[in-house]
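Here's a structure for you.
Here the chain labels run A, B, C and D in written order, and each chain numbers its own residues starting at 1.
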Amino acid sequence: MSVIEKLRVEVCDLHRELIRWGLVAWTAGNVSARVPGEDLLVIKPSGVSYEDLSPEAMVVADFSGRLVDGHHAPSSDTEAHGYVYAHMPHIGGVVHTHSPYATAWAARGEPIPCSITAMADEFGGDIPVGPFALIGSDAIGRGIVETLAGHRSPAVLMRQHGPFTIGATAKAAVKAAVMCEDVARTMHLARQLGPVERLPSQAVDSLHDRYQNVYGQKGAR
Amino acid sequence: MSVIEKLRVEVCDLHRELIRWGLVAWTAGNVSARVPGEDLLVIKPSGVSYEDLSPEAMVVADFSGRLVDGHHAPSSDTEAHGYVYAHMPHIGGVVHTHSPYATAWAARGEPIPCSITAMADEFGGDIPVGPFALIGSDAIGRGIVETLAGHRSPAVLMRQHGPFTIGATAKAAVKAAVMCEDVARTMHLARQLGPVERLPSQAVDSLHDRYQNVYGQKGAR
Amino acid sequence: MSVIEKLRVEVCDLHRELIRWGLVAWTAGNVSARVPGEDLLVIKPSGVSYEDLSPEAMVVADFSGRLVDGHHAPSSDTEAHGYVYAHMPHIGGVVHTHSPYATAWAARGEPIPCSITAMADEFGGDIPVGPFALIGSDAIGRGIVETLAGHRSPAVLMRQHGPFTIGATAKAAVKAAVMCEDVARTMHLARQLGPVERLPSQAVDSLHDRYQNVYGQKGAR
Amino acid sequence: MSVIEKLRVEVCDLHRELIRWGLVAWTAGNVSARVPGEDLLVIKPSGVSYEDLSPEAMVVADFSGRLVDGHHAPSSDTEAHGYVYAHMPHIGGVVHTHSPYATAWAARGEPIPCSITAMADEFGGDIPVGPFALIGSDAIGRGIVETLAGHRSPAVLMRQHGPFTIGATAKAAVKAAVMCEDVARTMHLARQLGPVERLPSQAVDSLHDRYQNVYGQKGAR
């Protein structure tokens, strides 16, 4: 299997995780992976239902969102994914969903405060809010990159739109999307019945450092 | 297979989507499809459990809700579906559910404000509220048609009752029902922790236009 | 198969519906059926996990809750079920759960107001609250029977405990338990963002009458 | 099969219950069992996905969290589990999750008040809050043990972190984790729409005593 064939399988399989963890409705949401060493990405086709996804249905596009290989039109969010890959060279995967709790914080334009250890572990601080931006230019991609520049968080809540997450691999970006919805829900529930304090920044630093460097199996991080 | 046989299969299968996306409890909810070129529709039988649905169990009724072909009594909402087909000639599918978040907005008689891009995409504005109407006359059908007349939204929240959705096909109406519950939930969650602004109408127009005309695969829209 | 063998199968199968509709956690919850013409009932054994339920594991008990036939101790709620059968001769099935939304109303001791058509259909009015009663006497059974005496509702919320539902058959009681949680959730969500008016009593009467007498298939009601 | 081989199977299988009851996201959460008569425990490896768990992947560690047998690094919570076994000799199982409703109470540092019979049954009172403690010393284990010392509850909400539960067996600790999330949700929902009174302490004592000594099957308690 070529690198691109492997990525088609991987990206296709990862879309199932979006369904499994309740992050998407109908055809919403998409996962992409960078093709290593090339200005290309593999992504879900636009508006195809999750049941009809197959490795062959995945498409290869350039960083401007133009179709390079495949039988379908690429996701309408391809340009935003491409902008991230073009401007964040260490990033290998991008995910976008409208997962309900994260999108609720995005609708209010309110960052998720880092008040629980699970947030410190994965996000290393608040999950920040990016600007409202219309699809059809590089505005969304730019908003993601500029917002994440000052944060350890692999997730950004695009205002009145929904979360985008990034990772060294597509799987890591999917994990960030799952954890983003999980902590968005827990913090929503916590805040419903009273105020919640942020964790002290020293505790956040310590938890984040351990999680990124000690948690998990060596070589699998 | 005749056109009606095909529609029985399609309508039967689409009911599974209502279960899959959590829109219905027990035997509640129903999907119908217009029989093209005839004053007939195919719909779920009344009060039959989702596990016992088969293409043969679907029934054919006229637009007044009278049984034309089938072994069961038609859904008690058939008259409302028929009124929509009789008065909206471009509509090919109708769906009714009591999905919890959408019905909660309907219970308060409050339209869902168009504050997130997913709503602009699918609904092109607020999801409006229709009148309270009792079953057993054309009051529900009339309320649906009159409310949707002034809106781009394929969904209406019938007051203290629940959502009805429409589409060019039964599948499109089911999609609208799934998205209606999804945005009803997200906007419910958003509003629980603070106020949410509507999107500017220009942004709504732009998003709705792109989604209706560019999103998805050509020929599959 | 004898009548009791058939009831063991039916009662066992109906417990799966409690899981399927999210009404129970771990081993909580129970369904029973009256043995026609005898002062006996068939019920779930106490504290057995849902995966280990089989028709043979179901137990036969008398109306005082004493084991009559079976290899396990009967549910600790058997006495309450028995009291209902002894005092409501038209009832053939009883269900008890701690389903979350219904139990939340029960915890506050607040009846669920009849504000949506789905409630009028199935419950014919508010879902009432019964007294707080300890297990181990006939207090729970008496609380159920006395509370339901003045209501069309097949569901009662036992205060700080959870819902009990009744029906002409065990299946009808399970349906009432599923619908009780469904409307408890919808009304909870509705009330979270503002006040909700009750339906006019004439509309409730009309809806309830139609649902009980016209909805569904003849002979299957 | 040796005792340890049996525990590997048991601990592996119990992790599926965490998924089934919605207590964990991605690789979060862990179950352990004491190896009877030895200062050893069997636990999940760190950061391995639930789909890749097998009995062979489980690891044996000592009470300081050091790997004794197995091919993976032990869960990063192993030291906390070990501290519990070292200081609570009657405990045979420990579970840790970030289940959303329980973690929401933990985020506010608010005990769950014992206001419903299901809480009296399983927890015998409020579910208490333990201190905020960083991973990497015995602070978490100490916080669990010191908080649970004065309570009948098998669950403690570690502040701004999440629940830990204990039991005579690993299965009992998993049951406590499932019931902890269940009552955390019900009490959250109850409190959202108004105040809730605690049960009188005499009623709590009576319910707890019956549930611990009469509920279930003899020999299976």
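Definition applied: a contact is a pair of C-beta atoms (placed from the backbone, for glycine too) under 8 Å apart; a residue touches a chain by one contact, two chains touch by 3 or more.
The structure presented is a predicted model; accordingly, all values stated were derived computationally and were not measured.
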Turning angle required so that subunit B lies on subunit C, C-alpha fit (0 to 180°, nearest 5): 90
Subunit A and subunit B: spacing of chain centres that average the CA atoms, whole Å: 31
Whole-Å gap separating subunit A and subunit C, where each centre is the average of the chain's CA atoms: 44
For subunit C, residues that touch 2 or more chains besides their own: 192
Chains grouped in pairs wherever the two touch, ordered by label: A-B, A-D, B-C, C-D
Contacting residues of subunit A [partner subunit B, same complex]: 25-28, 45-48, 72-73, 76, 98, 100-101, 103-108, 110, 132, 134-136, 160-162, 188, 191-192
Sites on subunit A touched by subunit D in the complex: 21, 115-118, 175, 178-179, 181-182, 185-187, 189-190, 192-197, 199, 203, 206-207, 210, 214-218, 220-221
